[in-house]
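Letters A, B, C and D mark the chains as written, and numbering starts fresh at 1 in each.
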Amino acid sequence: MSGPVLEIRNLSVRLPKGGDRVHAVEDVSFSVNPGEIVCVVGESGSGKSVTAHSVMGLLPKGQLAVDGGQILLDGEDMVTAPMSRLRALRGTKMSMIFQEPMTALNPVVTCGEQIDEVLEIHTDLSQAERKEKVLAVMEAVRLPDPAKMFDAYPHQLSGGQRQRIMIAQALVLDPSLLIADEPTTALDVTTQAQILKLVAEMQQRRGTGVLFITHDFGVVAEIAHRVVVMQKGKVVETGAAKDVLTRPQHPYTQMLINSVPTLTPPHREVMEGPIALETVKLNKTYGGGGFFQKKREVKAASDVDIRVRRGETLGIVGESGSGKSTVARCIARLIEPTSGAILVGNMDVALMSERQLRPHRKHCQIVFQDPYRSLNPRRLVGQSIVEGPINFGVSPAEALEKARDLMALVGLAPDALDRYPHQFSGGQRQRICIARALAMEPEVLIADEAVSALDVSVQKQVLALLDDVRKKFELAVLFITHDLRVAAQICDRIAVMQNGVVVEHGKTTEIFANPTHAYTKALFEAAPGKDFEFARVA
Amino acid sequence: MVGAIIVLVMVFIGLIAPLIATSDPSGINPAARNRVPMAESSFRTDDGTRKTMVHYMGTDTLGRDVYSRVVYGARVSIFIGVAVSVLSVSIGLFIGLMAGYFRWLDSVIMRIMDGLMAIPAILLAIALVSLSRAGVLTVIVAIVVPEVPRVVRLVRSVVLSVREEPYVEAAVMSGTPTYLLLIRHVLPNTVAPLLVQGTFICASAILVEAILSFLGIGIPPQIPTWGNIMAEGRQLFRVFPHNILFPGIFLALTVLAVNMLGDGLRDTLDPKMEKRG
Amino acid sequence: QGAANVLRVVMHSDLRIVDPIWTTAYIVRNHGYMIYDTLFAMDAQGQIKPQMVDTFTESADKLTYSFTLRDGLLWHDNKPVTAEDCVASIKRWSARDPLGQTVMGFVAEMTAKDARTFEIKLKEPTGLLIFALGKPSSNVPFMMPKRVADTDPNTQISEFIGSGPFVFQRDEWRPGDKAVYTKFAGYKPRPEPASSLAGGKVVKVDRVEWRVITDQQQAVNALLAGEVDIIEAPSHDLLPLIKADRSIKIFNWNPLGNQYTMRFNHTTAPFNSQKVRQAALYALNQEDFLKATIGDAEYYKVCKAMFVCGSPLETLAGMEDKLESNFAKSKQLLQEAGYKGEPVVLLHSTDLQVLTNLAPVAKELLQKGGFTVDMQSMDWQTVVARRVKRDPPTQGGWSAMLTSWVSADILNPVMAGFFNSSGDKAAFGWPTDPEIEALRARFARASTAAEQKQIAEAVQRRVAENPTHVHLGQWYLPGATRPNISGWLAAPAPVFWNIEKARA
Amino acid sequence: MISYILRRLLAIVPVLFTVAVMVFLMLRLTPGDPAAIIAGDNATTQQIIDIRTKLGLEQPILQQFFIWLGNIVRGDLGESFFFRKTVWELISDRLEPTFSLALLTMIIAVVVAIPLGVLAAYKQGTWIDRIVMGFSVIGFSVPVFVIGYLMIYVFAIKLGWFPVQGYQRFANGIGGFLQSLILPAFTLSVIYIALIARMTRTSVLEVLNEDYIRTARAKGQTEIKVLFQHALKNAAVPIATVVGIGVALLIGGVVVTESVYSIPGLGRLTVDAVLARDFPVIQAIILAFSLVYVLINLLVDLSYTIFDPRIRY
């Protein structure tokens, strides 16, 4: 067998009426050879997942359908194959792993059984033989204590472990094609690094052809042999990984690669403004107490001391669950800290009641991660923006006038005020949220993962905007992110959090150049594509 | 859609009942008892002349014209449905908002609601209606009481989830006072589920009224409702089925239509759909 | 041997209270006839015949009566029935029954002479004593063992032992479901053939079960399907359905039937005025009520005789021009009375089939006669609670209500409770009329039939002038039986001796 | 887990207390005089007052309430005003039919409704879906008694398969017992089937959009097993919830069904007691039904742990 495991020829998939465009995927052709990792990149909605699902025959019935082209798996056309044949091939010749390890496993079935299911469907092995095989593959994906994991339910495992179960499930019958749809996007960088390593290793050992979907160029740099770039359902560029990453041909590819922030922090001026925000021994413990039910206690922040000057951006980085959002929400007083002091504009807001707090609300504003849920879908953008100022006594006309100025500032047309949030893209909404925060003329702006949900290209613009307004209004910015590349670009100083504790704290350039804490080092170590300088095409 | 049309037609029938009814719905005519549909009867008017009329749906054991009763019955039955749903939704909305937003109130209110909810609705209604004087108002109160906790739960769950929405938190950050927060940001989110719930309450109220009448403790018969027309006719179900048949068809059709309307509303107002928009 | 011969009967109502002296409810009276026996009983000709009594003597001055019980009478615990038992039973009965109270007013003393003989001495003669002891309907003077009869009349008895032809199976009694009676092996029927409530009570089945089926139509369905054998009182409107099955027998077991009655509340406006009550009497007519509730003319009878058509005291006296729906006359009387439209609060009971249609008819007729009527609907139990309230109509009181009497209860002005016009001591409605009271007292003393008849006429004339209530016609409610049932006796109450059930 | 159950059982106390207060107040504050009903037709006013005194109805309401509550706590439900039996005797006599009817109804409903709901979800948008949902809406729209009469007419009168009415005790043979219950149970189950089928459809539909369903399909699993092994098991919690909540509906339906079929159960007792203003019985029944409702819903909550290993108390 020398030909490609997967060859896609002129694949088109039609979208239902009223979709973004006529075809989700149009005239797509590429192939995957045995033992080769092909990465498909492209911004959100470019048709990556649809392509992958077409191969597996898993397009949602009645909504999407292939309307042209061929998908050849070892020479056999998947488009015309009957359902029963597809079913027989799934799990044996082709397998797939998905983005969300949290939801891709059935929560009410044990992990072992879920892997075993594949064997049960496709082989005649006895129960004992199957169990043996399952344990072997669990061992192979480096799951600790497979015998115990066999009977564990997915929720009892960490995200990385779950993804390993998924991989074990996909590889247990040695398929010739593995499709991975953003398998690491939802994971922490350290876990991501481990999973990437595992995929590469398994693929090498077994000679599997891998179709790897991602939008993270770091990941591409880390594992890809070849790259396929998609835009709006079309393939715009294909080539060897090195070539595409260093010498992108298509303007779209160039733009994408340009947008990837580098891991090298630029030089930034030292800010000497007055201290706008300070926390002293801030603690937050969730749970505990409870009248009828004893709740589990989580110490989400312990003795956090941070300090932000006006005009300065402090980044808080750390893995998921390390307590970043907790600190942010305490400072914004969306939740009440357990103890400690929070000094905003020389008032301690830590233990104020809601009523006392209201006058101080304007000093500190927050921009949230999810641009889709941050704006009330029923209210005009303008109404959302003027709500705050009017609460503080500004006349509606005046507030609206100012809102118009702000629109210009964040790069939107003034008539945007008279539209509803759903009429805007994610990036635009995030700009509106920033404008809303600015309308209050705050001294402190908290951005909790404010760019994490955005495509790289959009992310770049929003980052630029944030940096802009920081300068313009001398804002103290508390920037929360798990993305080191982003942190490197925008933060003056960085605080690294682990398990609710700030483990390292210092100037961005210094920490990136010379991390001292073991955790920080591990974090940097795991950043994908760290050794790769992306092309900078002006 | 079909649901909405049928509901409108029924409401319309109720509204113009005095115009389309052929006789006084509670005017008895002992001489013309138990006539089959389309039968004719003659009666003496007050001024002594004799008149003949056709009973499209026959007459009942008191010789009352079933057609006129059914037409007038639309009024009361639909009024009860609407009144019950409006009342339980508004009371439930208010309590639910309070419970959902003020944590210290929450546990007290919810314990009371748990208690109310544990009382089987029909039993409560039976007890209430039979003990006080049967009438439209009592029936409405009796059906509203057990419905309220369900609305409260619904509203509360919406509030609890909306409260966590970033846009609500953003409004909190803007210093919006609590009452405005509730009105501006929380209330609108309860509209769609309440509209849906309201239609189902309406449908079930019409049904419960019929059941209460069936058990002999509903609205007094001189006020015709579909329920008590059927209840009065039920003994003669096998001899003169028209007494049950016609109000039954109207009742089932209306309840069906209201339910369909609710289903339709649910599909179009589905929050999932909305988010995508 | 085969299964026991069980008679399954659907009665008109559920048996909940089981003290026939304590309550007047007909279902309890029927229960009484199952398990108790009476000293005297009324036969098919309306004559009072000895039942438990073997022989009795009346002294020449009509003041001393001596009764001897039949030989071999046994209680259900197989102890003999004694004269003492009977004296105690009469005492308890007479404490509650209006007719009993009247008769007791004449009694000087009652004494048990020996085990089988007792004597009643009167202060002055009355023709009512034997009649009262053979009173056919509520409250029937049923005989109970002394220990039971000694129970305070205002407390319900808690032991259900009689000397009647059936034994009550207390363990199997489930209110709302069924009541069970078995044949009493120790019962000695009289030698004469059974005639109405008198004569030999020969039980021809092993067991009688009263089944509760609240849904009338379901009862009929059950009868048609052979799940029950007898329906005591199927609704008139369902008779066509029953008749459709030709094998089912329909039997009018109560030839005297029942009488519809409208009761006035004499203590509040508007019916506290005699003229206004008269106006009502003119405005109403019987046919409309009967047609609206019964429908089929076979089962009703327009009858202006207050003491029932077909009874010895039947008369038209005083009623000739009344109950003819003479609205003009009614309006004229109202005007004379100075009626200013005070609303008649008319209680309408909605859950008893035989009463439901009465109030709407009354409302219609009264309105045509110039009254303002506020008809208030409620279930029967609420009517019962409401009608004893003496508050003004606006505060939960009432002006008029409609009910029905078993004809056997109203055969003369003394036993018929609605004629009692002693004000506060009278039944709800509380009429006050010394003239009527005087007549009733005379009636009690009358000792010949002719004298009784003459007084009854006078009472009727007086009541037509000053109405205490309005009688709205007689109606009959036949029972229905499966084809294999025979021997049901015509009587003022449904009785189950003499009935045979052939194996189907 | 044990401590959770204990805590939940403890939490029933305030709920029942609320029920007790509400019911008691409602009954005592509404008009209708049991004494007058007991006294009968010829009673004088004085007799009625005597009876009221005897029944304790002349005492202040608050006092009546605490006496009653105290008795209940001691397990004494009091004595019926009418039936000359203790309330406990009355209720325990009626338990069997009602319990059997409700249980059989639930079994029928679950067995019929769940496959229907799953089928409708799987065939979403097709005519099968429409028929199932149409049936479900109709089930909600037609009053129980109408369904009852229709069933009696067809299955008992025309076809003669079942008795028209009545109830056979279990002790008298299971054949007659089942025969007497099947028709009422089917009647009562209609609305319950409608409810459960609808909920099953909704929650299965929701689950069918989940990633792990896609995963199962990606393994090559057959649709039947995807539906019943993966989807249904995940949809079980909301279905169980609605089964629990539906008990309230069931209790209401029991009253009507028992009336139609002349089943001597608690439902009939309720109607009889209400019509007779038999306060002790009404109070006890409502309290009992509320207790059952709360307990069933506790069971339902506990059943979640079987359906979903993530739920641990």
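Here, a residue touches a chain if its C-beta (ideal position, glycine included) is under 8 Å from a C-beta of that chain, and two chains touch if they have at least 3 such contacts.
What you see is a predicted model; the values in this text were computed from it and never measured.
By number of C-beta pairs in contact, C-D leads when A-D and C-D are compared.
Comparing each chain's Cα centroid with the centroid of every protein Cα atom identifies chain D as the most central.
Note: centroid distance subunit A to subunit D, computed from Cα atoms, is 49 Å.
Rounded to a whole number, the gap between the C-alpha centres of subunit A and subunit C is 88 angstrom. Between the Cα centres of subunit C and subunit D there is a gap of 41 Å. One finds 22 Å separating the Cα centroids of subunit B and subunit D. Listed for subunit D are residues 31-32, 259, 271, 275, 277, each touching two or more other chains. Among the residues of subunit B, those in touch with two or more other chains are 130, 133, 216-217, 234, 237-238.
Among the residues of subunit A, none is in touch with two or more other chains. Inter-chain contacts, as defined above, occur between A-B, A-D, B-C, B-D, C-D. Contact residues of subunit A toward subunit D in the complex are 56, 58, 62, 86-92, 95-96, 98, 100, 103-109, 117-118, 121-122, 153, 155, 166, 169, 292-293.
Residues of subunit A that touch subunit B in their complex: 291, 332, 334, 354, 358-359, 361-362, 364-366, 368-370, 372-379, 384, 387-388, 391-392, 422, 433, 436, 440.
On the subunit B side of its complex with subunit A, the touching residues are 107, 165-178, 184-185, 188, 274-275, 277.
Those residues of subunit D lying in contact with subunit B across their complex are 14-19, 22-23, 26-27, 30-32, 133, 137-138, 140-146, 149, 153, 248, 251-253, 255-256, 259, 270-271, 274-275, 277, 282, 285-286, 289-291, 293-294.
If you check the complex, the residues on subunit B that touch subunit D are 111-112, 114-124, 126-128, 130-133, 203-204, 207-208, 210-211, 214-217, 227, 230, 234, 237-238, 244, 248, 251-252, 255-256, 259-260, 263.
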